[in-house]
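Given below, in the form of structure tokens, are the structures.
Note that chain A is present in both complexes that follow, paired respectively with chain B and with chain C.
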Partner chain A sequence: MTTVIPFGPQHPVLPEPVQLKLELDNDVVVGALPSLGYVHRGLEKFVDTKDYNQTLYICERICGICSAIHSITYARAVEQLMNVEIPERAEYLRVIWSELARVQSHLLWLGLFADGFGFESLFMECWKYREAVMDIMEMTTGNRVITSMCKVGGTSKDLSKEHINIILKAIDDLEPQVKNLEKVFVNNYTVKKRLVGLGTLPKQLAYDVGAVGPTLRGSGVHFDIRESPSWSIYKDLNFKAVVENDGDCYARTKVRIYELYECFKLIRNAISKLPEGEISIQIKGSPTAGAEAISRSEQPRGEVVYYVKGNGTKNLERLKIRTPTFANIPALLQMLPGIKLADVPVVVLTVDPCISCTER
Partner chain B sequence: MGMLNLVLSNVSRKPPTRLYPFDIRVPYESFRGRIIFNPENCIYCGICQKKCPPDAITVTKDEKTWELNVFRCIMCTECVSGCPKECIAISNERAKTGPKEYIKMVAPK
Partner chain C sequence: MLENNVEIKSSSELLKTVQELKNDGYRYATMICLKANDGHEFIYVLDKDYVLKTLRYFVKPSENPKSMSGIYLCALLIENEYQDLFGLVFEDLAIDFKGHLYLTPNSPKTPLA
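Up next, the complex of A and B:
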């Protein structure tokens, strides 16, 4: 006989409310049923009342952690809809800020994850390093989390020479610190004992259930939107996706740690190639009626998809967002059967759930 | 032994946090703290009101008033960049929190 135990919506490891109804046979999970909808805010409908420039600020507020990439993806979708090309400098600036956002998001996740398996001092260590990135965000854009640096047609903020020197110095300081963290996450006996072989998602299954981001790459599937032709700028910056083959919690942790180094490399390359010139162009008019555009980009948690449709006015006919956590929930349900109840928080955290994104 | 090294290196280090009310960090120059309105050049055209995403600004052309609902404002600086007469600026001073008295900044008529 099985017992059903509700995991969440309020649970110490979950920063946001989501409920998993866990079917247990003694101590082992045999099935899980997610229930969503605790933080639904109706943002996609709310967009009807705002024009396409104002919508950017709504998209930015979908998620607190990946706000920079949400706004960039939305701006790219609208630019595609209106057939405008933004200045090259703006493209590079967007890359720098989105990679900084990825660094802080991964450091935040590493901290939360360490806290999830009971390693509190490691949690504080990760968050201490994250502060350096948050300070850069505040210094360059004016805010720590909701950066508002992007706008339709380019960026609204620019990086001065002083800012660039500070960013480069901060990254040089951060890299050895991340190396220290890597030693703990990858080599520590306690961490390995807790993570290796836990919540395994085989390669084919990960592909079939449509997992995205580090969850997919941790299972050995080589897929990163930054390598696709629509993001040609990343090719110029010598980007390589990080892939691990084991598919367990340990592999997903390693993907995120090695991605941090990739982010540092991208920021350095983007800064060295940063062209001079304008940061934005003036956009006039409104999207034509019936025009559609899809924009995809790689968030820290995986691929995000924006669909926009114009109706001839300044307002959009439809905005549809597919967020990475939404795509990763089926993968999570595949990981849970067969593990013990005590390991459920660790497995849930490895997909880096962002429920506010998912429910919008 | 990675964690032991981290712990040992932290022993001789100062805490990374500040003793907040006594030690306040100087805000960065570009920090978006609060909106400042200068009524001298304002022509009450209402562009800021149209651009404001959360509808925090109310402008009346006839009575020549300019109001900002601070509780609604999201500090996006659309009004600052959109003002044709450069009457709206942003200060890096953090806005004071408070009850209702602070909710509106009314420009003198």
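Up next, the complex of A and C:
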């Protein structure tokens, strides 16, 4: 006989409200069903009344952690819709801020994850290092979380030589600290005991259920939108996707740890190649009626998809956003059956759930 | 117009095409729903090797669209979302939240319809 218990919506390991109805046979999960709707704000409806420039600031507020890449992906969709090419410097600046955002997001997640399996001091170390990135965000954009550095047509902020020197110094300091974190997350006996072989998602299943980001790459699938032809700038910056093959919680953790080094490399390379010039162009007019565009980016949690359609006015006919956690929920439901109730928080955390994104 | 766009005429053709694309290694990226001529227009977005293919299908006003969740399980969430937001009813949905994936009984009804 099975029992159904609620996991969430309020739970110590969940920063945001979501509920899983867990079907248990003794203390082993045999089924799970998500229950959403606690933070649904109807943002796709809300933008009906906003013009395409205002909509960018709404997209930016879908989520605090992935804010920067939301605005960039939206801006790229509208630029595609209006056949606009932005200045090269703006492309590089967007990459620098995107990768800084990924670093802070991964460090935030590593901290929450450590907290999830009861390693409080590790949690505090991760968040302490994250502060260095948050300080850079504040210094370069004026804000820690909602940076508003992006606009349709380029960026609204630039980096001075002084900013660049501070960023380079900060990531030079941060890299050895991440190496210390890596030693604990990857080599520590207790951490490995908690993660290895847990919540395994086989490669083919991960692909079939539409998983994205570290959840997909942790299962051995080589898929990172930064490698796609639409993001050719990343090829110039020598980007290589991080892939692990085991598909368990340990593999997903390693993907995020190793991605931090990739972020540092990308930031350094983008700074070394940062061209001089304008940071934005002025855009006039409105998207043509019936024109459509799809834009995709790699957020810290995986691929985000933006669809926009114009109607001949400043307002969009339709904005549709498919966020990474939305794509990872079916994968999570596949990971849970067969594990013990005590391991559910750890497995849930390894998809790095962002519920504000999911529900919009 | 989106690149690699295919117009689909019937629901049976849609199911067949989606199944063929899955067999060919495409992953389900998302599905977009638009209001169109009293009915709805669906755009299925599939990806293979970073190249998107889009399938466009017009759902007549009286038609209950077929769910893709039997082919791609991950389609169930977006289809439930459209049941909430557009008031659509999908046939053969793997898990049916019956219009309450996000919305509670006191929420506005079908806000995007």
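Everything that follows uses one rule, which is that the second predicted complex is superposed on the first by the 360 of 360 C-alpha atoms of A that agree within 3 Å, B and C clash if a C-alpha of one lies under 4 Å from a C-alpha of the other, contacts with A are read in each partner's own complex, and residues count from 1 in each chain.
Criterion: contacts are C-beta pairs under 8 Å (C-beta built on N, C-alpha and C of every residue); 3 or more make two chains touch, one makes a residue touch a chain.
Just so you know, these numbers come straight off a predicted model, no measurement behind them.
With chain A as the common reference, chain B sits beside chain C without any clash.
Contacts of A:208 after superposition: chain C is touched, whereas chain B is not reached. When the two complexes are overlaid on their common chain A, residue A:228 makes contact with chain C while staying clear of chain B.
In the superposition on chain A, contact is made by A:329 with chain C only, not with chain B.
By the touch criterion defined above, A:121 lies against chain B but remains apart from chain C after alignment on the C-alpha atoms of chain A. In the superposed model, A:183 makes contact with chain B only, not with chain C.
Set side by side, chain B and chain C differ in how many residues of chain A they touch, and the one touching more is C. Contacts of A:81 after superposition: neither chain B nor chain C is touched.
Vertex at the C-alpha centre of chain A, arms toward the centres of chain B and chain C: the angle is 110 degrees, rounded to a multiple of 10. By the touch criterion defined above, A:141 reaches chain B but does not reach chain C. Between chain B and chain C, the minimal CA-CA distance in the chain A superposition rounds to 21 Å.
No residue of chain A contacts both chain B in one complex and chain C in the other. Chain B meets chain A in the complex at residues 2-3, 5-7, 16, 28, 30-32, 51, 53-54, 74-78, 81, 90.
On the side of chain A, the complex with chain C involves touching residues 33, 36-37, 40, 42, 44-45, 207-210, 225, 227-230, 292-294, 296, 303, 305, 307, 309, 317-318, 320, 322, 326-327, 329-331, 359. The touching residues of chain A, counted against chain B in their complex, run 50, 53-54, 57-58, 61, 121-122, 125, 128, 131, 138-143, 146, 148, 156-157, 180-181, 183-184, 187-188. Within the complex formed with chain A, the residues of chain C that make contact are 1-2, 22, 27-30, 32-34, 43, 45, 50, 52, 54, 72-74, 76-78, 85, 95, 100-104, 111-112.
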